[in-house]
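Report on the structure given below.
To keep things simple, chains are lettered A, B and C as they appear, and every chain counts its residues starting from 1.
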Amino acid sequence: MAEITLKTLAHSYSKKPAGPEDYAIRKMEHVWAQGGAYALLGPSGCGKSTLLNIISGLVTPSEGDVLFDGKRMNELPPEKRNIAQVFQFPVIYDTMTVYDNLAFPLRNQGGFSEDWIREKVHEVADVLELSGELKRKAKNLSADQKQKVSMGRGLVREDVTAILFDEPLTVIDPQLKWRLRRKLKQIHERFDITMVYVTHDQLEASTFADKIALMYEGQIVQFGTPQELFERPAHTFVGYFIGSPGMNFFEPRLTDEGLMFNGKAIPVNEQILDKVRRSGSDNIRLGIRPEFVTLGTDTGEQRYEVTVTGVEDLGTYQMVDVEFGPVTVKVRIPEDQPVPNDAASIGFPDPWLKVYVDERLVEADHE
Amino acid sequence: MNKIENNKAWFFVIPVFVVVAFSAVIPLMTVVNYSVQDIFGANSAFWTGTEWYREMLRNPDLQAALLRQFAFSFAILAIEVPLGIGIALLMPKKGWAASAALVLVAMPLLIPLNVVGTIWQILARSDIGLLGWSLSSLGMDYNINANAADAWFTIILMDVWHWTPLIALLSYSGLRAIPDAYYQAARIDRASRWAVFRYIQLPKLTNVLVIGVLLRFMDSFMIYAEPFVLTGGGPGSSTTFLSQALTTMAVGQFDLGPAAAFSIIYFLIILAVSWVFYTAIMTLQKDKSAQQ
Amino acid sequence: MSLTLQNVSRVVDGETWISDVTMTLEPGSFNVLLGRTLAGKTSLMRIMAGLDRPSSGNILMNDVDVTGVAVQKRNISMVYQQFINYPTMSVFENIASPLKLAKKSQKEIDRRVRETAELLKIDNLLDRLPLELSGGQQQRVSMARALVKDADVVLFDEPLVNLDYKLREALRSELKDLFEARNCIAVYATTEAQEALALGGETAVLHEGRLLQKGPTPTVYHRPQDIETAEIFSEPPINIVPGRVTENEVTFDEQVHFRLNSDLASLEPGNYKFGVRPSHIGLAPHADDDLEIMVTVDLAEISGSETFLHVHSESYELVLHLQGIYQYRPDEQITVFFPTHKLYAFAPDGRTILVPGRAEGL
């Protein structure tokens, strides 16, 4: 059973890192609980693959420790870590049958009777819906079946406590993807195994994982459920990266009256305002998702005058561009809501308007 | 007509036609022409039909040369292929060592054929040659000019030295093309070194090895310069291979008709063996996959 | 410049790749070819470009027959899925290459390359080599090369497929703006309904080599002419439930019954296939007469801000498109609300009989 802990972990590929930009992974503390389904999400170059390789043992971290159930793993090679990995491109043993592929890790381990191996292979093949293919040469399978075989080689081993996935659906036909995603979910329910899934795709990550670690420039900028990432982005990058399109941002001025934008005060929670003042930073941003902005023609308290500059009919909804002073704000409205012609007003209902100082979310303390 | 007509493209193909015509078709046809006639001089030739062919197939010297030829080709393949793979597996994978190893291994390939023969002739001399002298001083009665076994041993050793690098380089490039993920997966599956070779490296090498074996077979079947320089086909005719037998006939005795017929037979044998070999390997691969 | 295809077909080795396609692309129009993999999008583009010749039918440019004219003699450019650039040339030289072939003056080349590079936001990368760039930047270079020569027709064959979704978002909206200012015909092939909707313009829906429907994108989306168009032009695919209409009642699967309402009143008694968009089924009722259906969850696919909920009842599968994040475990039992007012009705042969009314009567 594996609880994976990253303790003051950092990694640099250069021997003498000069500054934070030399680190592929910046110092982080992190715990992945036994049996959870996790995703490492981020754009290319954010360090997610390096982190995965550190966990699997292909890369030794330059600072800090990787612990499995409290035991230090840093220098242990992959074969001694009780993990399995599914790669971007299916790795199968071409000349073997599906059966032999699945039996391979057990035979390598030694000490199992062929009867026991057969039972185990059939059990796993059953779950993966590969029972009918056991006698086929693995080479002749379709890409999604091959990916299931490479996953199966991890599942047959009773000593495996974590499976790592490195963008495993890259080569899968779009129509088959959702079936494989479902299979992954079912497997996670059925086997008590920690799963870590690396991807750059928000759909893959949110569908698979209970919790997502969103990475940006070598750091985990938020670790939370898909819902938290959407509703309460902890970092402006989360706001941008999650959702299509991402969050709207604009930069207010901090005055004695509060936050001002486009000549009008934008009221925020007193406690938050207080924190903003105390931070002393002038990097202040307001963010709100297009889904939460309200659009109408009514004027009054906390309505802001805007000009409609574009409407896209996206079938199930409409995406409206409005000019709000110097910035364009995107508003997502239902397909049947009429769009004001030119002059309109928008509102930022509580609690969806978020305040960011130095790119990080500022929140009121919970009562 | 599905393609848009664009006649200009045909002009680019013409040079290939011309080159192939002059390099392959026309010479071959000339030989065919000789092989069915008895030629005495510029203007006198008799139609002989398949006479030369029958005579050649019955000729005991040539039959013996053919057997020798097969023995030689299979012997060197049996040594060079495993040895080449072995060398490729041992070659360093990156850094300056990899480049250095590549150059070192490729070195024998850069030496002209008859120079190879000369080098080995000197090496084999028991008075001044390293190989000959060493063996003689170990008390062995080593003499390639008197002892057929010594001559065979030396020729095979020479060919292995000269051509194993080709197999090694082909295998090396094949091994480099295997993605790292395969090795990582094998480590995670706790595969032994042997299992990695048997189930990952060897299957992925099949394609380059087919090419390597074919090249080596064809080349060794046509071997001429090296044994000619090294042993001159002797002692006796113990190392006279097909091409040397042919040359002796065509140039030495000026029997153009029989030599031409023999050339055609020779050509057809190489073609047939290569074809059989290639289809065998390909169907073997396909069968494996079609069985299920 | 207009481009017209007249009864164009293409048969390769006895297989019909394109079957009797007739359409006209207007000057300055942005046209989306929407269809699944192997629907014939690429084949049709190759015929438009002049790379392939149709087995029958004609291609007219400005009413002049160009059917047999080679691609080099038509003023056409193309952008592919793969990022195709000359690897040894700098970005500048890459973009300049079509102009050099056209023997433009050095001064003009310089000016136009810089203009185009600026439009595509790669003007700071002109000295770099393509392979030093990110995927998105490489595709920008190939787009710039396609745009720089003022082609009459610019063909895009799924150009954004190999980019991640954030880059796609950005490039797609830029592309749309780029063509608004131009007078050339743009043709853009995609498999994704959402991409077609985001690009707007005109959409032509292709299926198995046939042209199913062509028209302004929102119209084709909201008023599909048949069930195939509705299925292709919906992501996730529109839900289809077979049903029967009698005097005063609609029956789904012999199980669910409801009274004919004003929207469905025009339907003659008989068998139909009813279509309902994934976004119209909800977890809460939209109207009083929504049907409550008990279903079992197969999978909740979550895309950052939306949830695609795959569920099944005893006899059919449904997909729900929900705004916001809903996490359900497979095999959970839930109740969903099925609208009776937003139904499409298709005849058994697939023709559209009824389209739900919309607020603005589109």
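Keep in mind that, in the parts below, a residue touches a chain if its C-beta (ideal position, glycine included) is under 8 Å from a C-beta of that chain, and two chains touch if they have at least 3 such contacts.
All of these numbers come straight from a predicted model, not from anything done at the bench.
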*Most distant chain from chain C, judged by the mean position of its C-alpha atoms*: B
*By number of C-beta pairs in contact, which chain pair leads?*
A-C
_Distance between chain B and chain C based on Cα centroids, please, to the nearest Å._
57
*Report, in whole Å, the distance between the mean C-alpha point of chain A and the mean C-alpha point of chain C.*
28
_Touch list for chain B against partner chain A, complex_ = 179, 181-182, 184-185, 187-192, 195, 199-200, 203-204, 288-289, 291-292
*asked:* Can you tell me which positions in chain A touch chain C when the two form their complex?
replied: 43-44, 174, 178, 181-182, 185-186, 189, 200-203, 206-207, 210, 225-227, 229-231, 240-246, 289, 291, 312-317, 332, 335-336, 338
*Which part of chain C faces chain A closely enough to touch in the complex?*
134, 164-166, 169, 191, 193-194, 197-198, 200, 217-218, 221-222, 234, 277-279, 298-305, 310, 321, 323-325, 327, 329-330, 358-360
*Any idea which chain A residues touch chain B in the complex?*
56, 58, 77-79, 83-85, 87-89, 91, 93-97, 104-105, 108-109, 135-137, 139-140, 150, 153-154
